[in-house]
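Look at the two complexes coming up: chain A is in both, with chain B in one and chain C in the other.
Now for the complex of A and B:
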């Protein structure tokens, strides 16, 4: 009897997760095979408490750009891995915005220790903008060390979000003069 | 597509104006005499620290005046054809973000994480001088986006950071909207 209850419960939870993984926006934008594979990734993400929206947007970006199905699935999977790593560094209470920025920072070369350190330094100040700025600086050609030094220095000074965005404008190529 | 020479000429123009503003400001003989007299007087009565402080104040005032000119110049730089990310409060926790592209085209749209990458969702409107723009209310967050020119050409925003995570081999930009 207990086994039957447990089995039913498991099936129920799986169906809930599968329902969560379905997004009507994917219908008509992806072929059925690609859509099924993307929904598998979404189900995995939901099971880990990761936000679905950035993954859906990544799939829609690929569809809009006419990328082949396997490439779309690979990009969505890679983002799911980065979001998962960001969650390790930022903790389970991190917001979707913070996880997205954390994933970008990790892809730019930040280690989990760096992500954790900025979280501790910022406290309640939020880490989404500092991590996004770090990623943008590296994308603009700065080395990981130089970008990290600039961002962590401002974090230690208690800089607000606008100050981080100003920092990015000053340091990125073609940005405003210091 | 916004030709590179447009960006260069905007920058060259801004630099020429900035160079003009950076030149020393000529003071009339009367002002100069009064300032020097005041410095001598403060030097006898107030001591070096106060003296320097006042002089620094005067220099700061001049620097501020020059800086105000610079703000105008760089503000102009934004207006003449780059991406403008000076978000204003749009209510409902959103901020108004203006996307701007200068290009010769018959249609321009912006697609991104904020409109499901739908080329029909957010068309830009042309104004004079091939300047296309649209204002989009966005919640705080980080968004990937790009311009679609004439329905076929993907064009990165030349005035915004490029996305590091370019998974599909086409140019993509990012914008971060601050919470406060």
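Now for the complex of A and C:
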């Protein structure tokens, strides 16, 4: 009897997770194969306590940009890995926005130690903007070490969001980029 | 007042130097910064009776190259001109390079430059080596440096120090080249559209050339690339010593070229968007606006539109806006104009989109 109850509970939880992994927005935008693969990634992410919305958005972004199905799946998987690593660095209490910024920083080359150090240094100051500035500086051509040095230096001084934006202004020329 | 000058015969060389300083920036204006100053005012000479009315012009430009070995190389060029009623114009130019360390708030630099300075038939070749430290303290910035300037009569038989007015024979001579060392400092404070700066320069050496110069200056940026500048101080002998030191006061105009004046650094303003002459994303009150994008149509897509293209609504002055407010948080966005390529407007953080392109990241509070 206990075994039957446990089996039913497991089936119920799996069905709930599978339902969570299905997003109606994907239906009209991805072919069935790509959608199924993306939903597998979403189910994995849900099991790890990661937010699904950034992953859904990555798939929609790929569809709108005309990326082929395998590339969309690869991008969603890569984001799931980056979000998972960001969660390791930022801790279980990190918000979805912080995880997204952390994933962008990791994608740009930040290590878990760097992300963790920013979190510890910033305390309640929020990590989204510093991590976003880091990713932006690397995307603009700075080396990971140089960008990290600049961002961590300001974080240690207790710089606020405005000062991080100023840092970005100083170190990276603006401009529309294709 | 700038400490540089050159003879009329060196116009061609100065022109080539300026071309060198300007050609590269034309291909990548974002890396280029420059200022042009024009001013006039009275000067009371250290070694002569009476006062003269000076007319000064100066142009300085820099171009940042790609990072190299963790350093930021920078090409520099300067040109200066000073006239007074009874003397020939004194002019000078130099071109050089500087390597900056990449600290956000502090760093050091090493640099070298060559050039020429003088007036009329007197001219001197110049070489300068310098090293300095910089430090940002909130809105203030402090620079300290030491430089060694060598100059001599290599440019012509009538050049050099023969006609100089600062007892140049007392200068240190090595192989026909005379040199002196200067210790310099400058502190600048920027608040809104105002800048105040104080410079102190100590020229080292024997008693006749050992001088202290200073300048207090203020700039009021009336527009992103245009301001009024006033300065007063005591200058050191300039333009290869063809212009003696003087107490002076000048008022003039300053033009910022390529780089950003303080008024432009105030992000989120229409002035910045317009002055940047590039599509710029602004988020104010959770409303997304694209500034300075002269196009027939503009579209945006991002996570807030489920990555579906959505037309932006035109406003006056080449601005476009998204009618719906954004929710607080981190968002990704791309924009395009007239059906062109999707791009990241300046003002958004540029990140790899995973599809071989880039997306803009914005943080909405």
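Keep this in mind: the second predicted complex is superposed on the first by the 173 of 178 C-alpha atoms of A that agree within 3 Å, B and C clash if a C-alpha of one lies under 4 Å from a C-alpha of the other, contacts with A are read in each partner's own complex, and residues count from 1 in each chain.
Convention: a residue touches a chain if its C-beta (ideal position, glycine included) is under 8 Å from a C-beta of that chain, and two chains touch if they have at least 3 such contacts.
Just so you know, these numbers come straight off a predicted model, no measurement behind them.
Colleague: Clash or fit: how do chain B and chain C relate after the overlay on chain A?
Modeller: Partners clash after overlay.
Colleague: For A:26, decide between first (touching chain B), second (touching chain C), both and neither.
Modeller: Once the two structures are laid over each other on A, A:26 reaches no partner at all.
Colleague: Between chain B (first) and chain C (second), which, if any, makes contact with A:50: first, second, both or neither?
Modeller: neither
Colleague: Just chain B (first), just chain C (second), both, or neither: which does A:170 touch?
Modeller: Only chain C; A:170 stays clear of chain B.
Colleague: Using the touch definition from the top, say if A:86 reaches chain B (first), chain C (second), both or neither.
Modeller: Neither partner.
Colleague: Counting only touches as set out at the top, which of chain B and chain C does A:127 meet: first, second, both, neither?
Modeller: Neither: A:127 stays clear of chain B and chain C.
Colleague: Any idea whether chain B or chain C touches more of chain A?
Modeller: Counting contacted residues of chain A, the larger count belongs to C.
Colleague: Of the partners chain B and chain C, which touch A:143 in the superposed model: first, second, both, neither?
Modeller: The answer is second: A:143 touches chain C but not chain B.
Colleague: Check the residue A:110 against both partner chains and state whether it touches chain B (first), chain C (second), both, or neither.
Modeller: Neither partner.
Colleague: With both complexes superposed on chain A, which partner does A:157 reach: first (chain B), second (chain C), both or neither?
Modeller: Only chain C is touched by A:157; chain B is not.
Colleague: Considering 99-107, 117-125, 189-197 or 207-215, which region of chain C has C-alpha atoms that clash with chain B after the structures are aligned on chain A?
Modeller: 189-197
Colleague: For chain A, which residues belong to both interfaces, chain B and chain C?
Modeller: Chain A residues touching both partners: 25, 54, 57-58, 60-65, 67, 71, 74-75, 78-79, 97, 100-101, 104, 107-108, 128-129, 132-133, 135-136, 139-140, 161, 165, 168, 174, 176.
Colleague: If we count contacts the way the header does, which residues on chain B are in touch with chain A in the complex?
Modeller: 7, 11, 74, 111, 113, 116-119, 140-142, 144, 154, 159, 161-165, 167-170, 172, 174, 176, 178-180
Colleague: Using the touch definition up top, name the residues of chain A that touch chain C in the complex.
Modeller: Against chain C, chain A makes touches at 25, 53-54, 57-58, 60-65, 67, 71-72, 74-75, 78-79, 96-97, 100-101, 104, 107-108, 128-129, 132-133, 135-136, 139-143, 145-146, 149-150, 153-154, 157, 161, 165-171, 173-178.
Colleague: Going by the contact rule set out above, which residues of chain A touch chain B in the complex?
Modeller: 25, 54, 57-58, 60-65, 67, 71, 74-75, 78-79, 97, 100-101, 104, 107-108, 126, 128-129, 132-133, 135-136, 138-140, 160-162, 164-165, 168, 172, 174, 176
Colleague: Considering the complex alone, what residue numbers of chain C touch chain A?
Modeller: 30-31, 66-67, 70, 102-105, 260, 265, 267, 276, 278-280, 301, 303, 306-309, 329-330, 332, 341-347, 349-355, 357-359, 361, 363, 365
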